[in-house]
Amino acid sequence: MKRLLSVILCVVCALLAGGCGGSETKTPPEGGGEGGVDVDLTAMSKTVAYAVINEIMANPGDYIGKTVKINGPYANEYYDKTDLYYHYVVIEGDGACCIQWLEFIRNGDHAFPEDYPPQQEKIQVTGVFGSYDELGVTYYYLAADDMTVLA
Amino acid sequence: MPQLICRDLALGYEGKTVVSELSFTVNAGDYLCVVGENGTGKSTLMKTILKLKTPLSGEIQINDGLSANEIGYLPQQTVIQKDFPASVREVVRSGCLNRCGLRPFYNKAEKQMAEDNMEKLGIAPLAKSCYRELSGGQQQRALLARALCAARKILLLDEPAAGLDPNAAAEMYALIEKLNGGGITVIMISHDVAACVKYASHILHIGAGSALFFGTKADYLKSEAGCAYAETGEKT
Amino acid sequence: MTAIMDKLAFYFQYPLVRYALIVSVLIALCSSLLGVTLVLKRFSLIGDGLSRVAFGAAAVAAAFSLNDDFLMVIPLTVICAVLLLRAGQNAKIKGDAAIAMISSGALAGGYLIMKLFPKTSNVSRDVCATLFGSEKILMLTKTETWMCAILSAVVIAIFAIFYHKIFAVTFDEDFSAATGLRAKVYNSMLAVVSGVVVVLAMNMVGALLISALLIFPALSAMRVFKNFKAVTVCSMLISVICATLGILISIVAGTPVGSTIVVVYAAGFFVFGGAGIITRRG
C-alpha cells in the first residue's frame, strides 16, 4: 500500500515538475519549420491549429516578426469608418461554435475584388506577424508575401 | 458496574414521540435483548445510544470511561453494501479505523487483530473473497468481525440474524454468546423471541409508547408481558 | 506507425500540447479517484449537477468582469456540492430531485446572465465552449494551468492520506459515525473535493460530459475487479490511459477534444466489460 502510494506520488511530482518550465512562454522553437516558417498551422490538425491561433492572439507580443503559414476559408469585411475592405483567413475550432479570424494584408499592389477570391474559398497565406494601429486600436495581421487559392 | 444508564428517555422523529419514559441500566458483561413490535423504536433507541440521533428528552449516561471509540456496532445492511466491491479483509479492517486517529495506515497490531477476529468467526478462508459474493450468513459474520475490531467493551447488534436461514441464525447467536462469555457487553435487538429468551441475561421489552418491561430474563418470563410475548413467539 | 510518431513529435514541440497532456493526466487521476466513491454512493449524476452550477458561476463571474473566474466558480460550486451531498438522508427534497433543481436553475440563470451582460460579442461561442469544452484544455492561461495542476495534486494527496477512512465512510456511514469516525467531516471533505474536481474537469470535456469522466473508469474497473484497492488502482490507470489516448487522437485527427476523450472512455468500458464476462466464464 505504501509502495503504491509512493509510486503515485512520484508520478504526480514528475508531472508537476514537467510543468515547471513555466517561465518559458508557449512559443514554438525558433525557425523550427522548413522554408523559414516559424509557425506552420497547415501542418497541424484543426484542433491544435485553433489552439495555436488563440495562443498567438492572446500573447501577440511573443509572435511579432515570426513567419506564419495558415490555410482556411477566405473572408472579407467592409468597415465604413475607414471605407476599406479587410481580408481574413478564418480558422474554425470545434464546429461553428469557435472561430478565429486572422487578418492579412498582401504586400504589393492588389486590387479588390479582382485579385481576391470569393468568400469562403479556401486559401493559403504565408506572412510575417505584425501589428498596426488604426483609430486608436491595435490590430494584428499577417504581412502576406504569398496568397494562393487552394484547389 | 453500570456501563450505560438511560433515564426517562423520550425518542421520536419529526416531533412525534415514539416511546417515552424509557429507563434502564446495563452493567458490564450483561447480555441485554431489546424486543418489541415493529415501529416501537428499538432501532431508534440503538441509534440514540450511538449518538447517531438525539433524544427528544431524557438522559443517556455512559460510564466506565467508555468512549465512542470502544463501541462495536452491527447495523442492518444497506443496499449499497450488497453491491460493494470490497474484500472481506478490507471490510473487517475498516473496523480498526477508530483506533487510527489521524494515522493514514493500519499498523501491524490492527492488521493482526483483524486476522484474529476473522479467525474467531470462522471466516479467515474468505479474507480475499469479494464481500458481495458471500452468503447472507457469511456477510453478517464479516460485519460482526468488523464490529469486534471496533469494540473493546461493548457490542450493539441490530437484528444480527435478519434474513438468515435457521442454521446460520443459530450459528450467529452461538458466536455472540461466546463473545459475551469472553467479557464483552452485548445489547441486541431481535425479533427472535426464542433466541432472546435462551441467551439474554436481561430483557427490555418496548411496547407501543412505553417500556413494558425491563429486568432479568427470569423475571421477564414470569411477567405478564413476557408470558404473552413468549407465547406468541412459540405459537408462530 | 512512424508517421504517427513523427506527427506526435512535431506537436510535442509546442508547449501548449505538453501542458495540456500533463494537466489532463492529473485531472484524469483525481476525477477517477472521486468517481469510485461517487458511483458507490449512488451519486453518479452529481457531476452533471455541479458542472451546471459552475457554468452559472462562470456566467456571474463574466458579468462582473472577473479576470480569473476560478475565484468565483470554485467557491460557488463547492458550496452547492456541500449543500447537495451533506443534506443526504435528512433532506426534505431527496438527492436526485435536489440535483435537478439546482442544476437546471443554475444553467438557466447562467445563460440569462450571459445574454443580459455579454462579455464578448459571441455569447453562443462562450456557452458552447463551456458546455462542450472545445479546446479549452489546449488554451489554458498560465495561471489556469498552475491552478489545475496544484489543485489536482492536492486532491490526489487527500485521497492518498484518507484512503481507508473514505472507504469506511462510503461502505457504511452509520457504522463509521457510530464507532467514532467523524463521518460528517469526511463527507464534507468529499463534497468540497467534488466541487473542485468538477470545475477542473470542465476544462477537459466541458460541463455536459463531466459525468463520463467521473463514472466510466470506476464502472470499467468494477467489471473486472472485486476489491476496493484493485478497483481504485485500475480506475486510475484506465482514466489516465483513456484521457491520454483521447487527447492524442483529437490532436492528430483534429476531432473535438471533449467528445473524443469520452468516446475513448466508453470504448474502455466495453473492453473491460468484455474482459469481465470472459473472466467470469473462465
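As written, the chain order gives the labels A, B and C, with residue 1 at the start of each chain.
The rule is simple: contacts are C-beta pairs under 8 Å (C-beta built on N, C-alpha and C of every residue); 3 or more make two chains touch, one makes a residue touch a chain.
All figures in this text were calculated on a predicted structure; none of them were measured in a lab.
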item: Chain closest to the assembly centre - both centres taken as Cα means; value: C
item: Chain whose Cα centroid lies at the greatest distance from that of subunit B; value: A
item: Separation of mean Cα positions, subunit C and subunit B [Å, integer]; value: 40
item: Subunit A and subunit C: spacing of chain centres that average the CA atoms, whole Å; value: 30
item: Subunit A and subunit B, separation of their C-alpha mean positions in angstrom; value: 70
item: Sequence positions of subunit A contacting 2 or more other chains; value: 1
item: Numbers and ranges of subunit B residues touching at least 2 other chains; value: 105
item: Overlap residues in subunit C, where contacts from two or more other chains coincide; value: 160, 229
item: Subunit B contact footprint on subunit C (complex, rising order); value: 40-42, 160-165, 167-168, 170-172, 174-181, 222, 225-229, 231
item: Subunit B residues touching subunit C - in the complex, by the definition given at the top; value: 47, 50-52, 67-69, 71-73, 75, 78, 80-81, 84-87, 90-91, 93-95, 97-98, 100, 104-106, 128, 130, 132-133, 146-147, 150, 156
item: In the complex with subunit C, residue positions of subunit A that touch it; value: 1, 4-5, 8-9, 12, 15-16, 18-19, 21-22, 24-29, 32, 43-48, 50-52, 54-55, 58, 93-95, 97-99
item: For the subunit C and subunit A complex, residues of the former touching the latter; value: 10-11, 13-19, 22-23, 25-26, 29, 124-125, 128-129, 132, 134-135, 138-139, 141-142, 145-146, 149-150, 152-153, 156, 160, 229, 233, 236, 250-257
